[in-house]
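Consider the two complexes below, in which subunit A is the common component and subunit B and subunit C are the respective partners.
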Partner chain A sequence: MLAKVQTWWTFFLIAVNERLVYRGDFMLGTLMRFLPTLTQIFLWWAIYDVISSRPDESLDGKIAGYRYGDMVAYYLMVTITRAFSSMPGLTSGVARSIRSGEVKKFLIQPVDMIGCLLVQRVAHKLVYYFIAALPFTLVFFLCRGFFLNGWPAPEEMLVFFLSLLLSFLLGFFIEICLGLVSFWFLEVASLGFIYMLLNFLLSGHMFPLELLPESPVNLRAAVDWLPLKYLAYFSAAVFLGKLSSEEMWRGLAIEAVWVLFFIVLARWMWSRGVRRYSAYGG
Partner chain B sequence: MSIIEIRDLRKSYRVYQKREGVWASVQGLFHREYREVEAVRGINLQVEQGEFVAFLGPNGAGKTTTLKLLSGVINPSSGQATVMGFVPWERSNEYRRRFALVMGQKNQLWWDLPAADSFRLHQHIYRLEADQFKRTVDELADLLDVQKLLTRPVRELSLGERMKMELIAALLHSPEVLFLDEPTIGLDVIAQHKIQQFLKHYQQVRRITILLTSHYMKDIAALCQRVVVIAGGLIQYDGSLSGIIDQFSSDKIVTLQLGKDEDFAGLEKFPGIVELQPPKFKFRVGRDDVAKTLGPLLATKQIDDIVVEDPPLEEVIAAVFTKANADSEASAQASK
Partner chain C sequence: MSETPMQTGYRRANYFRVISTFCRNSLIRDMSFRADFILQCISSMSWAVMNFMLFKIIYRFTDSIGRDTGWGEHEFFVFLGTIWVINSLIQTFFMQNFDEFSDLIRTGSLDFVLLKPIDPQVLVSFPRTNWSQLANGGLGLALIGYSVAQLLSDPDKHLQFSVFTVLAFLLFIVCGVAVMYSVMLALASTSIWLGRNQNLYDFWFYITNFYRYPMEIYQRSGMGWALWGTFTFVIPVLVVSNIPARVLAQPSGTPWRWWEWSLAGYALLAAVLSLLASRWVFLKALKSYRSASS
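Take a look at the complex of A and B:
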């Protein structure tokens, strides 16, 4: 047990070192992260401008319950959630190592691939947060006026942090599963693309999920049961006080179940994949 | 009991067959034809502890497949094998701590970090004691002359230097059995030589068992007492390197140096001429006929020098490969 912890710890330190090699790239990447958010903020600014010029009592200057400030705050919070749940290069990395045969390393050496990648990813993320903390703080300080409700209550704060942790695990294990598909189909780029598209639409990445249609298909209700919303929308909604206490805890429970599901799925796919790999490929 | 025991080991792959052209590709979407490729077709082999065995064979002969089977990367289609009493494809951690596989074209070091970091990782993966680990790294780095390169990012190393680091990484846990797949591929003569020297020394000191595949006859001549020729998925020969010539070649090459004023007329009709360039005359003759052929020549011509030698090893082995490939194709045809 202790030996195992030590192995992972060394893995972690080495991954941190490796990441620091790319710190310049990181700095730039962090700033770029806010660019799409900025365009969305301008878009909504224009939309709210139109609404306010045509006063409609029923709207009360809100869209789907969001005032302009709420909308901006929502996008900023989504940026935070996505900093946890997005896994750049994970699916393609797994696919590449299977295709190129690098995966052999994990069959030959007494070390677990998924564990390895997880520790590596934690290291990458921590380095990223460390470097990104400054630009993030700056942006949020400048935008503090948009958070119309101020800081969330302690309970919301707690659920928010738990949901961030779970969203990291969820994003990680979903992408691992996608990558492991490579054991069966050599090319998974299109699969990754579909995932990205669904993610854009149904996770709340592009717009708050309140804007999803309720008819003819009630997408609005359906996304509650899909894993995607926990990659972006959920944490932001919790932070902004959009959910009741019951809704928050129920959401967190659903998220945890999805995490568990994808952990089990990834394990199962790995063992089946390796069996197939050693039967056909190699 | 032998350290490596292989009994009737077979491995066949299913390969997707695609005919040429766009239409065939479209058809391939709905209906795929597969072909069984038998990479290893029934290998029996025993290797004793401390042996240094070379696998020799053309590309696609089944050498690498055999090493992959023995290191547990792939499962066999049938047959058995044990290494140190373990069945490799069960991939038990206990087994995996006791062997190593080095592939010349595959990288197991971290690209952007110094090799020393990758070594430290191996220290923990293989649970090595800190001081023992440090001693091993120092010793191996000294032997391979790479002490100064340990802290340089791997991506900045030359191919030869990287290969040396790969070897160190593979040997850190003092494996009892080592599989080397083309360890000197793409290296220059100096690096090749250095690695040969190292392997030879290391094997002699540690008395570990090594299986090596290589295309370079020099690697094999320098290192291995025992050569296993694999071609067409079968073992064609198992014995010493020089024995290959005895078994597969019945010819000798005779080179004569004729006297200055000697007349070359008539010699061009001689059977088996390899080279006729006065004053040199080189020809090939059956081993048993050497004396019979040389007799009359010596009687009629003035000859300054005679050399009788075996044909070059590469040539003999190439002939063995060609024959084996033809055989395996014939038997594949027959089984259809």
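Take a look at the complex of A and C:
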């Protein structure tokens, strides 16, 4: 048992050190990542300027229930949830190691591949938060005026943090599953691309899901049946107080079920895949 | 390098033939992987379609972007189409080459470029043509055509549309491409000093980020004006998209206002100046090139 913990700890430390090498690049890169948010602030301002000047009061200066501040705050919060749920390079990495035969090393070592990747990912993310904390704090401090409701209640805060942790696991296991498809199909790049596209549109990364049209196809209802919304929208909506207490906890429970589903799916795919794996390549 | 390659004079090289050979070779290469080519076309177009959908949704809630700016739905889609055309031209002809430029520097292969009896800027800028990216431009032209037709059939809008507007549009597209080309060339050249420039595509993303929307959205607040000034006069990317789009969409009506004429004049000037400036940066950077490895 102790030896096992030690193994994982070593994997963790290696990954941490790997990441710390590029910390300067990292911090600048994080700040740059807010540039699109900056232009969005101007874009939405121009849109809300039109809406608030309109004579009909039915909209009350809101778009789908979002005031101007809420909209900007939403985009800012999405940068946080995406920092947890996005897994750059995971699907392609798994696919590559299967295609090149590198995956063999996990078949002969007493180390579980998915577990190993998870530990590495946790390490990378922790290093990222550690370094990105400074630029994030700076940007959120400058933008504090957009959070019209101030800090959320303790209950919302709790659900928010739990949902962030779950969104990390959800993002991780979805991408693992996509990568493991490589056991059956050699090329999964296009699958990964489709996932990225759907994710961008239907997770709430691009805009709050309330904006989705209900006709001709009721996309608004469809996203509730998909796991994608937990990768961006859900946590942001919780933080901004968009959901009632009951909706929050139910959403969290559904998210947990999705995580469980993808963990089981990944395990199942791994065991099936290894059985049909023919270990070509050096 | 004691002498810049320019001074030795490569006038005899037929640049048109060189560039068209590059383009033809790339097309042959692309056509040998046809399925991949089609997938790339689809993937680049799907990002554009997503962008289109975002604004389709936005226009369900508002009838214009910015109060009294005239950027109604059809006007804005002319704008969006214009951006797709410019983006696709840059990505078809230059992006991949600039990306490979930093590799040339890192591996020392730039030596071979400098040895050839032809202007190194041409040899760095044109060798690969990424034809699949042109799909987006086609999509952009279709969107522009459709939106202009909608504007023309609207009796409330007095759109002026003639051979002259089309020619002016094309001219300003060329200017726009020239500006974007220069910005990317200058950025890519810095990798000679910095040793590496892995983030060229990131830079492209961040810079295009500022020209994606009509410039009116910046013209309301102090910080907005500061951004507007920076991206008009320091890095002139705002005129790249705004001028050609205004030529066709005429959001503030015709005839053009005085400031639109001056900005259009400035766009021409900016294109020439940025070409010259980027050429200067490129040659300056080459002088500091100290080969590598072997």
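Keep this in mind: the second predicted complex is superposed on the first by the 274 of 282 C-alpha atoms of A that agree within 3 Å, B and C clash if a C-alpha of one lies under 4 Å from a C-alpha of the other, contacts with A are read in each partner's own complex, and residues count from 1 in each chain.
Here is the rule we use: contacts are C-beta pairs under 8 Å (C-beta built on N, C-alpha and C of every residue); 3 or more make two chains touch, one makes a residue touch a chain.
Treat the numbers as computed from the prediction; the structure is a model and nothing was measured.
Asker: Could you look at A:45 and tell me whether it touches subunit B, subunit C, both or neither (first, second, both, neither)?
Answerer: Touch status of A:45: second partner only.
Asker: Once the shared chain is lined up, is A:272 touching subunit B (first), subunit C (second), both, or neither of them?
Answerer: In the superposition, A:272 touches no partner, neither subunit B nor subunit C.
Asker: For A:190, using the defined touch cut-off, is the partner it touches subunit B, subunit C, both, or neither? Pick first, second, both or neither.
Answerer: second
Asker: Mind working out whether A:14 is in touch with subunit B, subunit C, both or neither, as first, second, both or neither?
Answerer: So A:14 only meets subunit B here.
Asker: Considering only touches as defined above, state whether A:110 meets subunit B (first), subunit C (second), both or neither.
Answerer: first
Asker: Between subunit B (first) and subunit C (second), which does A:6 come into contact with in this model arrangement: first, second, both, or neither?
Answerer: The first partner, subunit B, only.
Asker: Is A:101 in contact with subunit B, with subunit C, with both, or with neither (first, second, both, neither)?
Answerer: Touch status of A:101: first partner only.
Asker: Provide the residue numbers of subunit A that touch subunit C in the complex, in ascending order.
Answerer: Touch list, subunit A to subunit C: 29, 32, 35-36, 38-39, 42-43, 45-47, 49-51, 53, 59, 63-64, 190, 193, 197, 200-201, 206-207, 211-213.
Asker: Which residues of subunit B touch subunit A in the complex?
Answerer: Interface residues on the subunit B side: 13-14, 65, 68, 71-75, 89, 91, 93, 96-97, 100-101, 103, 106-108, 110, 112-113, 117-118, 120-121, 123-127, 153.
Asker: Would you mind writing out the residues of subunit C in touch with subunit A in their complex?
Answerer: That would be residues 39, 43, 46-47, 50, 53-54, 57-58, 60-67, 69, 199, 202, 206, 209-210, 212-213, 216-218, 220, 224, 227 of subunit C.
Asker: Which of the residues in subunit A end up touching subunit B in this complex?
Answerer: Of all residues in subunit A, those touching subunit B are 3, 6-7, 9-11, 14, 17-18, 21, 101-102, 104-105, 107-111, 275, 277-282.
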